[in-house]
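There are two complexes below, and they share chain A, which is joined by chain B in the first and by chain C in the second.
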Partner chain A sequence: MNGGHPAGPLARFLAWGTVFYLLLPITIVIPVSLTDQRYLSLPQEGLSLQHYARLLGSEAWLSAIGQSLWIALGATAVSVVAGTLCAIGCWRIGRRSSELVRVLMLLPLIIPSIVYAIGLYRWFGWLDLLDRLLGVTLAHGVTGIPYVVITVSTALAAFDPRLEQAARGMGASLGQTLRWVILPRIMPGILSGAIFAFIHSWDELVMVLFIASRQVVTLPRKIWDGINENLDPTMAAVAVLLILFTVLLLALDGAVRSRAGR
Partner chain B sequence: MSAATREAPLAPRAGKGTGHALELRALSKRYGAFTAVDAVSLRVERGQFLTLLGPSGSGKTTILMAIAGFVAPSEGAVLLDGRDITALPPERRAFGMVFQGYALFPHMTVAENVAFPLRVRRLSRAEREAKVRAALDLVQLDRFADRRPAQLSGGQQQRVALARALVFDPDLLLLDEPLSALDKKLRAELQEELKALHRRVGRTFVNVTHDQEEALSLSDQVAILNHGRLVQMGAPAALYERPRTRFVADFLGTSNFLRGTVQEAGDPGLALQAGGTRLLQAGADLPPGSPVLLSLRPEKIALLGEAERAANEVAGTIAAWAYLGAGYSLTVRTADLGALRVALPAWRAPIAPSEGLPVRLGWAADAAVPVLEDADAA
Partner chain C sequence: MPRDAAALPAAPVAGHGLALPREAGWWLLLVPAFLLMTVLYLAPILQVLAISVTEPAPGLGNYERLLTHPGLQRVIVTTLRICLVTTILSLLLGYALSYVIALASPRAQRWWLLGVLLPLWISVLVRAFAWVTLLRRQGLVNEGLLGLGLIDRPLPLVWNEFGIVVGMVHYMVPYAVLPMLAAMREIDPRLLAAARGLGASRGTAFRRVFLPLSAPGLVAAGVLVFIVTLGFYITPAILGGGKTLMAAEWIKLQILDLVRWGMGAMLATMLVVTILTLLGIFSRILDLRRVFGGGR
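Right, the complex of A and B next:
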């Protein structure tokens, strides 16, 4: 904020305290991943990269990373296409009814994911989608839609509707207007939504616990199993990589937004 | 339209008569119980420059959008060269349009903006480039082809919008307040350019404005709108000199309004009684006893010297005055006719205005025009 009063010492203390509190669990993971011990603990005598090496040499971990990656990419594609079309449709209609559609699309975000997962379990049982890559991809893709709807709707709110009129007035069909005018203008919103949808799938656990068991083991699922079964420090190494990857994606999102802002 | 005219879009056309004629038949648009446009009928001949003039909210944009196809009329029809196009979607009409605020595509360069309608029509790259260059030449922006709209001034953006609207040889060019976002000096400059452009391309233009000066200086025909109704349409001079209603006289320029009652209808004209003053009014034929409303322009009233006589004379005192450079604007209080606005050329003015100064005003029998009250005109 420019020109306002600077924050007082108490406010500063609270702000930094909150940040510290939020980041504390993350900061503990990093030293643990560098432990020289064979179990989940802080380093005793020195730092070691042995658990990172173990991770990269482990068939099971690499397979989990690969599965998570493919699922997240597929789910992102589903979320982006469905979410973008929904947002554009609502924007074009612009009535009360479209407001309702938008609220409905946000439901997966509002409903506790465990409730959603129970419902999914029933449906996927009937549809024979349990414990299959396609099933998890669809589940993540659908629940990722709200992120895309939100970011694309925000981008559309800033879109000048006269640009669409101008394009159509010059003879452009709906498809041409979409491709050449609307999509380029809202692309930052779509990218932003895609990144969030990707992250959503990448670290989703609750639904996977319900709808997958042996065939499909995503990275969060593998970590979960690892914690329950043995306290292998490799998990801390995985967690650190997960954090780095997520931070990278968020930085990418920030870059997209700042470019769009210019 | 012949193939030949399609191929040479921006070549000067042989005078007027090469554009298209537009007709509105009893066009109405209602939003719920509110009538934004009320049974407007008008006709624009080929190659003419029509301006829709009216205060804000009078339905100008709605009419233009109905012509472009963005607003579906509640009733009535839009005809192009006698063909009913009311049901045609906007992309099938493809009239060139300059929007309020221009609506340039911010993510495209100037050249890409202008090329857009050509890209839509799948013209070859070579053809596209040639036409874009010709269009940018036309509006003198050839040096700015690679800039983005945000890097241009308001006047330059306005010209890009014009080039984009003209490049695909539209049947009709629609302009929604194309100059209103510009400052006064630039506006005057672009008014002249727009007029020259219209003459050069010979297309039919429909312009919307709330600026009466712009309407008078640009148009072949002006349609005056109020509350969604067409009040009067005609050539600028005809509208200014012979307003049909009080609203037209008031909106187009300024006007004094005099009320009187017909005493006798004689040979030079009507003799009217307005309070204790007798007025002589040419050119109207009304029975004695009828009430009459006259519109009298400030510049048609003269200050009379000692010995000067006029068909109509009234004495008063200056209540207020303002120096405007080219002239003075006086407000003269009279006993019978109320306050009268008088425009006095400043160069060799017969008096030095001051408050309370007694003056004698005079005007000819044909200086004023009888007008209708707007409620009676409806």
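Right, the complex of A and C next:
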């Protein structure tokens, strides 16, 4: 909407200030990560990549990145399969009867993760899943389901249900209809959901603090320990790499969406 | 998608009821998600609720502490105070931002949105770390102000409530913007132009026309921000430096450090009950799927 009524100076000043505030911490870590000093500071005499070199030469950091990557990939697979099927089921069954299921699927977005984390701590103790990759993967996978349900439901809202009825009418089985008619058309929604489920797992810390200790040390856990123990420019280098990674994933999501829009 | 599909005669509605086994097939699709959700999500949470009334002894003993335990009461008051301040500041900044975005040209809107959505997806930890870098004693802000001669001693900007609020508002502004922007986009800008044309000042046009029309979005954003802030753990833990205790960190302390499961589970239950009650009250204005789905 733009109807020849531009915002006033006060509103514009506040808006610019807010955007500056939102972007400041994200951008400030870039020069800090390039500092030539050994402590957190802006570069004094020149730029240096020493902190990146230290990061990429460190066994502990690389292992944390690897573990996070595997967990995030596994969790994304769980979220995408369960979330996509569920969204399609809810969509086809209709609003009323599946409303409860949908509300259930959104719970992880509403209930604070600290509550879930302490519940898991006890629950996984019984299931013998504490401090294991499988446990963390399952926990992240389950809590990633809402992101997939939301994006796939949005994609399905633009899908004409009569295409599916026509396929079934012509004798296609449910599996064939899913495979050849529904899935190809909602693929952008699924990919989008997968990206957000991935970011969710990749960044998740609260659950990990409770259900993992020695065997499983994810990247956020390593950063957490770093912040609490020694604040050095290596942390800034990690932060920059994480920011770049997120920006890359968001750009990927944008590309998927704009292709879908065409 | 063929837009004109809607103009075709509607498909026979009878198709819904005629084949039960077919419907059953669609229900089967819900099974994986439903099983995962009940066994690995709902069950642990229900267990927390159960622990709160069974440990250390069955009964409402843990809840009684709400009335008698001064340390716990202090934590609750601190949490509510910080959440309220965060909500008000996030709404204020978010409202100005949404207002400017809603009135901008479509091209400018995309840039503004990028500035809002990018921070939304950056890791909470990374942001908390960045704030520490900026705000600590030898941080960039204090060094800068000292260098300019504006202050002669470093200001205490972090490891207190101020630092927590700075970090939390930073996290919540994008959440505030999304529902408010959705509401503002439905306002016809010609109404503002008409108000100005009829002699209203910019301020009057805003107060009498735009503000009332955008109020539902403002309330929705307020409820959303308040609910999310109640359960914050990482930001207060890092920027509070262990001195200012909020609900989530207190729960962690009870369970991991003091092994008092009953107390931790009790406050966790109170969090869930408070959040669900607020959602129940405001569910009419707050369309969750739209709030969470918008702009992502």
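Quick note on the criterion: the second predicted complex is superposed on the first by the 249 of 262 C-alpha atoms of A that agree within 3 Å, B and C clash if a C-alpha of one lies under 4 Å from a C-alpha of the other, contacts with A are read in each partner's own complex, and residues count from 1 in each chain.
Here, a residue touches a chain if its C-beta (ideal position, glycine included) is under 8 Å from a C-beta of that chain, and two chains touch if they have at least 3 such contacts.
All values reported here derive from a predicted model rather than from experimental measurement.
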**Request:** May I ask you to decide whether A:L42 touches chain B, chain C, both, or neither, giving the answer as first, second, both or neither?
**Result:** second
**Asked** Taking the superposition as given, does A:I28 touch the first partner, chain B, the second, chain C, both, or neither?
**Response** second
**Prompt:** Thinking of the overlay built on chain A, is A:Q176 touched by chain B (first), by chain C (second), by both, or by neither?
**Reply:** first
**Message:** Applying the document's definition of touch, where does A:Q215 land relative to chain B and chain C: first, second, both, or neither?
**Reply:** neither
**Prompt:** Looking at the overlay, what does A:A236 touch: chain B (first), chain C (second), both, or neither?
**Reply:** second
**Request:** Report for A:R162: first if it touches chain B alone, second if chain C alone, otherwise both or neither.
**Result:** both
**Message:** Touch test for A:S258: chain B only (first), chain C only (second), both, or neither?
**Reply:** neither
**Request:** Compare chain B and chain C by how many residues of chain A each one touches, and report the one with more.
**Result:** C
**Message:** Contacts for A:S63 in the overlay, against chain B (first) and chain C (second): which applies, first, second, both or neither?
**Reply:** neither
**Message:** I'd like to check the shared interface: which positions of chain A are touched by both chain B and chain C across the two complexes?
**Reply:** 160, 162, 165, 168
**Fill in**
Within their complex, chain C touches chain A through residues 1-2, 5, 8, 11, 15-16, 22-23, 25-30, 32-34, 36-37, 40-48, 51, 92-94, 96-97, 99-106, 112, 115-119, 121-134, 136, 138-140, 143, 170, 173-174, 185, 187-190, 192-193, 196, 202, 205-206, 227, 230-234, 238, 248, 251-252, 255-256, 261, 264-265, 268, 271-272, 275-276, 279, 288-289, 292-293, 296
**Item:** chain A-facing residues of chain B, complex
**Value:** 68-70, 89-97, 99-101, 103, 105-107, 116-117, 119-121, 164-165, 168
**Request:** Mind listing the chain A positions that touch chain B in their complex?
**Result:** 160, 162-163, 165-173, 176, 180-181, 184-185
**Request:** Could you pull out which chain A residues touch chain C in their complex?
**Result:** 1-8, 10-12, 14-15, 17-19, 21-26, 28-29, 32, 40-42, 78, 81-83, 85-86, 88-90, 92-94, 98, 101-102, 104-116, 118-123, 138-139, 141-143, 145-147, 149-151, 153-154, 158-162, 165, 168, 174, 192, 196, 199, 202-203, 205-206, 209-210, 220, 223-224, 227, 231, 235-236, 239, 242-243, 246-247, 249-250
